[in-house]
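Consider the two complexes below, in which subunit A is the common component and subunit B and subunit C are the respective partners.
Entry: the complex of A and B
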């Protein structure tokens, strides 16, 4: 039974990638035609005939595109199918929004967002610098550093571990939004208050994971070090630190997401007039949603890049670990 | 554990006096009427302390919690926010499990959507909340529903990714066993994959619960709302009432911890076979 499904799948997968590309191209073409058909009209001025034509084209284009994508995705791995799917979706959304004449104050079309991204690039890049470099990155480094120090202390003094570590789990489930206004009030509107919020949110996962990692060292290896008469310090460096690294990187990855969220949420409670969170809130209030989307795009790109850099570091430093050697 | 808590509280007093003394000195220098003469004596009586004195915090905690069900009291608003978050989590679980089943069912669908799901985990989804609030408000979705929807939106991705991993977690040996029993695909799914995914569901729900709580609070801040922790936060943040903010923070923290604890309890009930392993 199992082998039959495999054979069936392989047979289908081998079939006609050319047809897939053709269907995908046809779908994209139909969608582009649908967009072009309703390109330059005032919001409530799309003639019903053109609207109907565009909607038909979008349905046909999506059907053809999805069919093609389904064929291609069976053979291709990696990010190419996902990127193609995003392209298809974006063009279809553009067509739908234009055909229905949705006001840009409600949902801006993708091209409008791209235009806003380009037009306000200096402002948005300045915001990104404040949010990412000053608030998220500095807070992240401070939180990770403090977390590692506390974890080392907790492993060295079991009293601390038994007494203080249970609180780390509790503190980790406190919502940042409740914490943020208090810290902004206490430390002022400038960027350090946001860096402190980020540091606090990153701190707890690092402590919990590093302690668990340092303790995950195999007792056998520690015994072996002892029979070699290795000094405790060297044994720590040779056995405990490497076994803690995968756990540390796990925490670093969790923290990279938390850092951006912390910085952006912190800005919702007051800033000095710069930052992505500030920009998002202020422009959402003014119904300039194209700029809001542009800021979200930048925040997303930063978030993915941050995560990517840490994953890359993880690969370099823990390539020996079992989870990397074997897939799954 | 209790000794450390006592130690932290004991350390809190001098720290509080130290950080507040500066502010107290400044207001004394400006000639403010505080009813005390030295900076140290005033440190426990500031209207907007950097760190509140325990007695001050206790007083405002009592003042803001009584009567518990008045629309202006914090417990009532905590319940409102808790309700929104729980509804959001329910919506997120249903949608997340549905998407996970689709992901596991079709390899092509997975290849097209999974990279985006993973990328969305690294994106500060919370940035979308103020905008979603505006858009939903435009279409006449008001009251508690938009908050629950935003909470669901934020909790949805961790649930989908977690359940998809869980549905794939059964050992190939177990799948082979069911094949030898001539179990249909549906039976394999129902009897093996779904139970195997439950622990993953709860792990991701715990992550999602905190995220959903943040989502509903941010939604309350950025939409027109008349109740909820977020509305109280926004009000008191504008009024610069530091003590009230501390009280709301304590309630928010309590709610977050309670949500995760309830999920942990549910996990024990639903997956009793794992009770020995976890914790």
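Entry: the complex of A and C
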């Protein structure tokens, strides 16, 4: 709330919103004109005159668009300015790639990627199901579950903490690229091997963070519980678990990005013909970079959504925490 | 008088130094399609025997890395490369200006291998089977064979319910065969021997040579970019890109002719250049044994077609036309490649013959 009022306050001091929209629309119009000007030419057949004109239009369009966006961004919050910025960038990139005749086998234009996304949607969604639901999500849940159990044991039995926890820190730093081929070879090409890779990569940050979280409970509060003659189990639930939650969510957020990386990289080392990593590998080898980019778009959307869900859960469960409280 | 002689001498010395500097070998980077092995015997022999040096070239043979040869050549990390024809033509279709300059192997060595006990005798029976293929453009011969028999695979990004399950794996057939797949990709000169090494002797194997089923997509060829060919002064050597290409092709053909004529010696040359990658597997792990097999098989692919007519390195026009037609019929190529996809002038310059 506070940040919004600040933004509005600054907005009033800024330029007119009408001018912002006007400049943005003009910029977008110029960029679209630049794209249209070089739309349908063979790669090496863009006439130099048209190329020059398009480049000029792109520079002018970007300048005007960014100026308009700057005015608007002062008045708006949320994702609208970011989306407008992405739109400007995509149209400008489309124009540049077409003006310079860059082969789609090296960098496909955004419209080609969008077309590929649409044409291959059934296959890509099937790939996403394998990679995200079967490999990343199942592996993630298994890794988190195991991590929490081991952390609880380590806190309960100090010899585990001193004897085994240092190794958890050590293993956590193994790069996934080194781990993946070994696991795929050991557990086969089907999705379970990737789920195992994901579980392993998620497991260690969870263990390390949860142990640290459980131990971060304030001794004052624990003493207080003792004076109230609260049972150890209740004391654990009332003091230790809440203090561990921010640490756990930290690990969950780290894990959410690691999970998708692990699943995709794991697929580079052998699959049974489905998955986003498989699709990226096979189509990159065929120079169908438009499908590769479409798969990347899907992977990013899934990754952002996954992270978003965890952040939302974090808000719900740790809203009491100092870092979540609003100032003032 | 003496002074004049001295200065004349120094001038002569300086001139000879200059001229030898001018004749310094031109550095050329050639990207191989795979790790060093007898598949590239001709290149290694040409280098070891000094055939490249004799042409004034200082050739570096690059083993495969993370990228396909097309990518390293198209982006300029290598000047020339070896690859397969489908790879080259699909890359061209995607706008990469790569050009075919010489055809080394005149025949396809790609096979699909099954156990005899699987009772597979005809590609028609492949429906519903699992087939192991290598990614990165090496899957096309299998895809072409399946398409020819009306089957689809999960390798096609537009097919939702494929009739054949494709399994990808990192090249070593022991990873998937025979447990995870019914059929596995194997080159006559490499993986077939590896499978034999795993304990399945040839009489227990059903080997489908895709060329026997009308899929003769040409393999190891030499290519470069249009930009390199158009270069008037290749790396300041004073030679055009086309001249350098012709010298490279000439020395390479010489190397290949020597290698297939002196296979034992060629294998020794290859072995010097490779580490672990030359080994076979299981009972046939010995690098020398495996590379001897490979040299024998590779020689069969080299000594076929135009090579038998005395035109080693020449891309047979009829075979090329058939390859293009096949790839278009199968929908792998969407349009016919432009005439610039193949440059016959390089081969003509290299051999002094006319490409018919």
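Basically, the second predicted complex is superposed on the first by the 311 of 328 C-alpha atoms of A that agree within 3 Å, B and C clash if a C-alpha of one lies under 4 Å from a C-alpha of the other, contacts with A are read in each partner's own complex, and residues count from 1 in each chain.
In this text, a residue touches a chain if its C-beta (ideal position, glycine included) is under 8 Å from a C-beta of that chain, and two chains touch if they have at least 3 such contacts.
Everything numeric here is computed off the predicted structure, so don't read it as measured data.
Student: Among the partners subunit B and subunit C, which is in contact with a greater number of residues of subunit A?
Tutor: B
Student: A:87 in the overlay: touching subunit B, subunit C, both, or neither? Say first, second, both or neither.
Tutor: In the superposed model, A:87 contacts neither subunit B nor subunit C.
Student: Examine A:270 and indicate which partner it touches, taking first as subunit B and second as subunit C; both and neither are also allowed.
Tutor: A:270 contacts both subunit B and subunit C.
Student: Given the touch rule stated above, what does A:256 touch, subunit B (first), subunit C (second), both, or neither?
Tutor: Only subunit B; A:256 stays clear of subunit C.
Student: Now for A:221: first (subunit B), second (subunit C), both, or neither, which partner does it touch?
Tutor: A:221 sits against neither subunit B nor subunit C.
Student: Please indicate which partner A:122 is in contact with in the superposed arrangement: first for subunit B, second for subunit C, both, or neither.
Tutor: After superposing on A, A:122 lies in contact with subunit C but is clear of subunit B.
Student: For A:289, is the partner it touches subunit B (first), subunit C (second), both, or none of the two (neither)?
Tutor: A:289 contacts both subunit B and subunit C.
Student: Of the two partner chains, subunit B (first) and subunit C (second), which one does A:281 touch, if any: first, second, both, or neither?
Tutor: both
Student: Looking at A:104, would you say it contacts subunit B, subunit C, both, or neither? Reply first, second, both or neither.
Tutor: Once the two structures are laid over each other on A, A:104 reaches subunit C alone.
Student: Using the touch definition from the top, say if A:142 reaches subunit B (first), subunit C (second), both or neither.
Tutor: After superposition on chain A, A:142 lies in contact with neither partner.
Student: Which subunit A residues are contacted by subunit C in one complex and by subunit B in the other?
Tutor: 106, 181, 185, 269-270, 281, 284-285, 287, 289
Student: Please output the residues of subunit A touching subunit C within their complex, sorted ascending.
Tutor: Residues 43-44, 101-106, 119-120, 122-124, 126, 181, 185, 188-189, 269-274, 278-279, 281-289, 291.
Student: Which residues of subunit A touch subunit B in the complex?
Tutor: By the definition above, subunit A touches subunit B via 1-2, 69-70, 73-74, 76-77, 79, 81-82, 84-86, 106-107, 160, 162-164, 166-167, 170, 172-179, 181-182, 184-186, 256-257, 260-261, 264-265, 268-270, 276-277, 280-281, 284-285, 287, 289, 292-293, 295-296, 299-300, 303-304, 306-307.
Student: Within their complex, state which residues of subunit B touch subunit A.
Tutor: 1, 3-5, 48, 50-51, 107-109, 111-116, 119, 121-128, 130-131, 133-135, 138, 175-176, 179, 209-210, 213-214, 217-218, 221-222, 229-230, 233, 236-237, 240, 242, 245-246, 248-249, 251-253, 255-257, 259-260
Student: Which stretch or stretches of subunit C touch subunit A in the complex?
Tutor: Per the touch definition, subunit C meets subunit A at residues 68, 70, 74-75, 90-91, 93-97, 130, 135-139, 153-155, 157-160, 162, 165-170, 175-176, 180.
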